[in-house]
Amino acid sequence: MFDYPILSTLIWLPIFVGLILVASNDIGKSLSTTITLLTTLIILIISIKLFQSYDHSVGNLQFIEKFVWISGLNIFYYLAVDGISVSLVLLTSFINFLIAIYASSEDYNNKSSYLGYFLILEGLLMGTFSAFDSILFYIFFESLLIPLFLIIGIWGGENRKYATIKFFLYTFFGSVLMLISIIYLANLADSFAIEDFYYLTLSFEEEIFLLLAFLIGFGIKVPMWPVHTWLPDAHVEAPTSGSVILASVLLKVGGYGMIRFLLPITTEAGIYLSDYMIYLSLIAIIYISFVAFAQEDMKKLIAYSSVAHMGFVTMGIFLVFNLMGNNPTAAAIGLEGAMVQMISHGLISAALFFCIGIMYKHSHSRLIKDNFGVAQFMPIFSFMMVFFLMANSGLPGTSGFVGEFLVITSSLGSSFLFGFLAALSLILSASYSLKLGKNVLFGDNQKNSQGYLECKSNEKIVLGSLVIFVLYLGISPDVLFNLLDKSVSDIISSISLGRA
Amino acid sequence: MIPISYYLILSTIIFTLSIAGIFLNRKNILVLLMSLELMFLSVNFNLITLGNYLGDLTGQVFVFFVLTVVAAESAIGLALLIVLFRNKKTIDVDDLSELKG
Amino acid sequence: MIELFYIPEVILSIGVLLIIILDLYLQKHKYISFSLIQLLLVIASLYALTEVPQQNYSSYEFSEFTSLIKFLLILGAIIIFQYTYSHLNHLNSLKIEYFTISILGLVGTMVMISAYSLLMLYLGIELLSLALYALIGFNKHSGLSSEAAIKYYVLGAMSSGILLFGISLIYGFTGSINYFDIADQIRNINSNSVQYLGIIFGIIFITASLCFKFGAAPFHIWVPDIYQGSLISTTILLSTLPKIAVFIVFLKLYFIPFMALEYVWSDILIFIGIASIIIGSIFALTQENIKRLLAYSAISNIGFIILAMALVSNDGLHASLYYTIVYSFTALASFGVVTHITSNSHGIEDISDLAGLSKTHPYYAILILITMLSSAGIPPLIGFHAKLMVIQALINNSYILLSIIVVLMTVVSAYYYLRVIKTVYFEERENLISTYTSSNILLSINVILLLGLGIFPFILFDTTNFLVNLLTVISI
Amino acid sequence: MIALTLILLLSPLIGTLLLLFCQNSSKDLTILISNISILIAFLLSLFLLYLFYSANPGPISANFLTFADTSLFSLHFGIYIDSLALIMSSVVTSVSLLVHYYSISYMKDDTSFNRFFIYTNFFTFSMLLIVFANNFLQLFIGWELVGLSSYLLIGFWIKKESAIKANYKAFLVNRVGDIGLLLGLCLILLSYNTTDYNQIFQIKNSINIDSVSIFGFTFNALSAICLLLFIGAMAKSAQVPLQFWLPDSMEGPTPISALIHAATMVTAGIYMVARLSPLYELTDGVLIFILYVGSITAFFLGLVALVQNDIKRIIAYSTISQLGYMTAALGASLYSLAMFHLITHAFFKALLFLCAGSIIIKCHHEQDIRKIGGLRKYMPITYLAFMYASLSLIGFPITSGFYSKESIIDAIGYFGHTIPYLMLLLSIFTTTLYTSKIFFKVFFGESTLPKEEQNENPSNENDRQMLLPLFILTAPSVFLGLFIYDPLMIGILFQNSLAANELIMSFYNGYVINSFKFFLHSFTTINFLILLIGLIFSYLYYYKKAFSINVPHFIRTTLTKEYGFESLSSYLIPKVQNIFTKYLWRKIDISTIDNGLINNTSSFINNLSSKMKKLQTGFIYHYSLIIISALIFLLILMRLTY
């Protein structure tokens, strides 16, 4: 359909521009911001064209680019995209465009390399979502760490060194185990393409080990419950745009990986262990919401809330295992719910981190007790923040509700207890989000010691566009559903095919 | 004829003596160099006896090469010793522990 | 007989002797003699390329494989001399003898790799060690380097003693010192005779001494001290050329004569490989001195090479050769960057000297970033592909548990590479850092190569594949 | 028909959007936009009502926006037009119009004047969304949006600390109920793959057959769903376990209490059960549960109102007890009577709140009835309006409150539910007591107004916008009963939109015969007797203060504490939650996982490496020792294996 290889441009254009920005660090702030704005805009336009020309009725892999990369080990430079990757590519380009707009009002020392690292990160994310050769996927999955490691480390808060090294090593440990399982699978299927892994017949023990390796690898990225402790530190120390991209897109890489690797390959083991994994995600939903309620730091609170919301994603995915046997439609609903939840959580957590960043710019403190009475001085901003807090607690009419609603429906399919516990998150997420709203936005603040004043025009554009998207996906998420529908049913059928 | 095993045992005894000389020595480096010479002596002895036992000359030819090389080595070793003494005013083994950890 | 004069070893030795004599007259113009040395090296490399393979010399190998490796060694020497020249020039203690001795060491390495008899092997190793003793003690005025020299001398002599003892045992029990005769003897030996025991003891002694030269785990004790004590330019030489040479010796020694007893030494080498990876990673965690840190990272990289070689399989061989070349490239780059940075006018000692480099010299900060990430094995760079191949070789030969240990150790080792990046990028500057830009272009090519090869690894992959196929003499 | 209803539904939304964009424009522009949008809605609903009754086409259901249309499920936003929906929408729009008009003057000196109207318009839109919903999903969306707007309106005065606490509590309690609703909705979507009312109504018998396992026990699917949905209704309509948020929601401005916490939002639960009456009709267990919940709420919450002293809180508790009446009626499957009481209650309770509002404005935001008195001379119009409203609330014969409340009580008695009948009877007594308490305390006795205001002539009581709605509201709250009682009972009013019409018919023929005879007959019933006793008792006790009863301390505290709900909700739960979550976070997240697992391993490896570093002693003899021992170790290793 296209003369130029669309996916490769999506990946290598931002990386190339990012490298230029990083290398030449003496060009002025305004020039580097305009360059970043331009590149992210081009990428957004290309991904929208990708979305339009991706015909979701057929749903299989499209825009395939496959060249031999390392002939000896038959690793291919294999890029392709299906419904799930298109939605995530769109999310990445949109969020990065917003970061570019938001960054124009931020001033950091040597800002050009700051923006350069973001562009490199964007390119690598595009690569992760469109790589279909497992080693290429692993390379993009791993090299995501470097730009973010530097962003958090150089422009982060006070305790940034500890946080960023912990973030790097935590994820590196997970992904390294994943590397072994990829090589092991490739050894059996003697090809690195992901689809070839789907038709392997593995013995039960093999599947258990592979499942555990993949689970640790992607579980750390998603962050699932026991391995999530890197996220609050990374968020608290990261600069605003850093924690925006971390929360809204990087967590989705873990979920995407699970759907791509975990579901189709280790199905038997998945079904066997599905109950434990569902308990894990339930713990993530309920326990983490309690922990989120106890936070004093705004960013930590939102970080824990994203762990809780990602709990829904993992639950949706593991429900597919649980319901595969007796109720495939409920399994498909669960998976679709997980997908929608990923997209909507991406938008909502990005918006919330933008809000906290704006407030931090005035009050220079992230603690809840230092920020009070914002609504008096920033009415439009607090209106939007209340909207996002409501979306975060899953108010219907916003996209936050759609994902959770589907996941709860499918969890009722397996047992009422799961559905009830998942539905509990309705109160819990409302309790901590509105607690944040109550303490920060409302309340009386005579002397305005924090110097709040209404947010600038570019911040209004950023938050405004996020409001529009969250509302649009909340009221009629049909556009998202028919994008994902065919790919989800393909995955479900490939799993049942694998099992039969 | 003395069986070959006696010679081998003799050379290993000398060899172990020289190694013991290296790590039991607490005095100075000269003693170390001497025990090194002893080690090469045991190897030469071993080569000659085995060459004679096998009845071909490569053993002895090998010994000549070893002798020349060992001579060069001990020359360099003594030169380094002098440089060390000029710098550190001591050649005592116990003082040579600045590089550690 | 005449054509013997056209092999690089002879040309280099004669050339060096001439230069030593010439140098007496050119005391003041050191750069003329240095350019002469470079000219000599270039001529030798041309001869290495055009060497014609011959079969009629039993104890010395003239094959395409050795000529290519010789060319590689000379190329490495040229790059190292550039760095050393700029380093010594900066410390204005430039002496031409440094280069002449290292060329002799280079000749030693060439002899080692093309040896077909244990005698030639011993002579090559001794020539190299003699040159290295002198180079390590080159800095006459610093107590540290003389102490390092003495330590290396004593331990080196001891290891060559052990080597000789091993060779004598092998000679005694197989009756010959030529690789192929030994191979025939060992192939038809019955396993409960006394010769069998003697040969095994001989192999162990030789392995011990070669592992000492390689700097592998239980015999690595000298590596950190000597790397820290000697001049930084000697460390570059020490950590690249001898390592390649000893690797090729390992390759030829174990895959031709001792091939039949493969099950004996492959277990030893696996133990040594794993031990050096673990020790290399664990010891380096709390290091303060940058040279010691790079020494331990060298030890863990050597562990990877030995582990890959110990698998005695075609892809294991290929992986180890690939890893050696990548390792020497990375070592060249990382030590090269460290040579180019001096903090308050004397060489970099501790990591904290590098603090805040990204603020003052962002270009060098990027260089350090790339080298550290490549040696840590992070994907976009070449280090990752090397580690990937070794792990894949491990898994193909179903050493799953081993690969898990190796992979966990890379995570542990990633920490101290990150610590260096942390000090360079995240901390504030304390002392005056200055850099000199004499051989800057070469350094940046070297580092950018790491990134470039990372993105297009097939270039290096095909060359090593070609090299391995050249090794026709080895049959696995 | 559908297009008109669509305009009706969307006009408040358009009003909200317009107000949103011209936020900082002048006050009268906001007044114009907000009132016109509600006026259009009101007129349209009246016209549609007329159109519906004249053409009488039967229920129409149409979808106008696809929410999600995939191979697995298809969800839509739609409209369901029938007499029940149209009557309810006209009630909602009329009350909302009057409240809008009223709050022009009530809020005129408030800084964020137009923000108020945005929220009220948005509330009317979301209420209409519930009223016209044709599937469960839209019902749930409207449900939560109504909860959101009540959250925004209760916390309207963002500086007032108590208001923020109240709206936080209100939203969370509503959320507790919404979990039940959500689970019901999900169960329906999961097992029957559709959320459309008509489709569910068609297969309601098959739903009644199959079963669903909840926490291991198997239940009849239909009763499980209906129970879950009713839990949602309990929270929204403030029934017994989840009613403590309503008194606190009085923190919001009074027009809001009138609109939301009296007339429209709290009745959403009742409307839902009425709308789903065909389903509820088949589940007898759930109906009994609803009956008892309703009657308990009616009686016990009425008691609590006696001990309150804040004028708005008393009316709030009376709303809860009146809601108890409606739920009880639903429980006894008297759906049209419940709807009738809902309509009349909407009017006279809104009137009561508006009068309370004008009283509060007059006494400069003083809400404690002990500090207000003798306003009869100074506020004649409010006095008259308040009198009629309270007569209707008590159920004095001829008033509309009488027709709806008495018929519920008699019907429940007629169909033999003895205990609920008794409870409802007794709560007549409590209702008369607390209404007359306010009436006598506020309007009689010596006046507490400051001197200079006393001699003003009574005409400038409050400006016109506040008094006109009072006039308009008194009409329906008194005469509506007479006007629509007979058509309602025969079943013309709600036609077949509600189930169990024959039950009402049998009660009508057996007991009521016709509205006038019912009025005459009422004087002879016990209800009127209790009413009279209550009036006389309160006249003597409150007005004349002839005698004083010292209520035992124990009863007084339990009542003030609202049977422990008050202390539970405002002190106990927040404190426990803080301590518990802090403990959880400290203990599990920080100490076990973070420090225990992660930092410990890294520090273990670190000091492992610093200890092992000591191995490198720097002495040559140690190094040679290590090399030799390694060599010997290898030799031994080989010797053992071969």
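Labels for the chains are A, B, C and D, by order of writing; each one numbers its residues from 1.
Assume a contact is a pair of C-beta atoms (placed from the backbone, for glycine too) under 8 Å apart; a residue touches a chain by one contact, two chains touch by 3 or more.
Since this is a predicted model, take the numbers as computed values, not measurements.
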Touch-network distance, chain A to chain B, counted in steps:
2
Per the definition at the top, count C-beta pairs in contact and tell me whether B-C or A-C has more.
B-C
Quick check on this structure: which chain has its C-alpha centroid closest to the centroid of all protein C-alpha atoms?
A
Note: chain C sits from chain B at a C-alpha centroid distance in Å of 26
Separation of chain A from chain C, taking each centre as the mean of its C-alpha atoms, in whole Å:
44
Let me have the rounded angstrom distance from the C-alpha centre of chain C over to the C-alpha centre of chain D, please.
80
If you average the CA atoms of chain A and of chain D, how far apart do the two points sit, in angstrom?
37
Scan chain D for residues touching two or more other chains and write them down.
613, 616, 618, 620, 622, 624
For chain C, write out the residues touching at least two other chains, lowest number first.
150-151, 154, 158, 224-225, 415
Could you pull out the residues of chain A that touch at least 2 other chains?
none
Mind listing each pair of touching chains for me?
A-C, A-D, B-C, B-D, C-D
Which bits of chain A are touching chain C when the two form their complex?
22-23, 25, 69-73, 110, 113, 135, 138-140, 142-143, 145-146, 149-150, 153-154, 160-161, 164-165, 168-169, 172-173, 176-177, 179-180, 183-184, 186-187
Touch list for chain B against partner chain D, complex:
19, 22-26, 29, 32, 93-94, 96-101
Residue ranges of chain C in contact with chain A within the complex:
318, 358, 362, 366, 369, 373, 378-380, 384-385, 388-389, 391-392, 395-396, 400, 403-404, 407-408, 410-411, 414-415, 418-419, 421-422, 425-427, 457-458, 461-462, 465
With touch defined as at the start, can you tell me which chain D residues reach chain C in the complex?
602, 605-606, 608-610, 612-613, 616, 618, 620, 622-624, 626-627, 630-631, 633-635, 637-638, 641-642
As the complex stands, chain D meets chain B at residues 613-614, 616-622, 624-625, 628
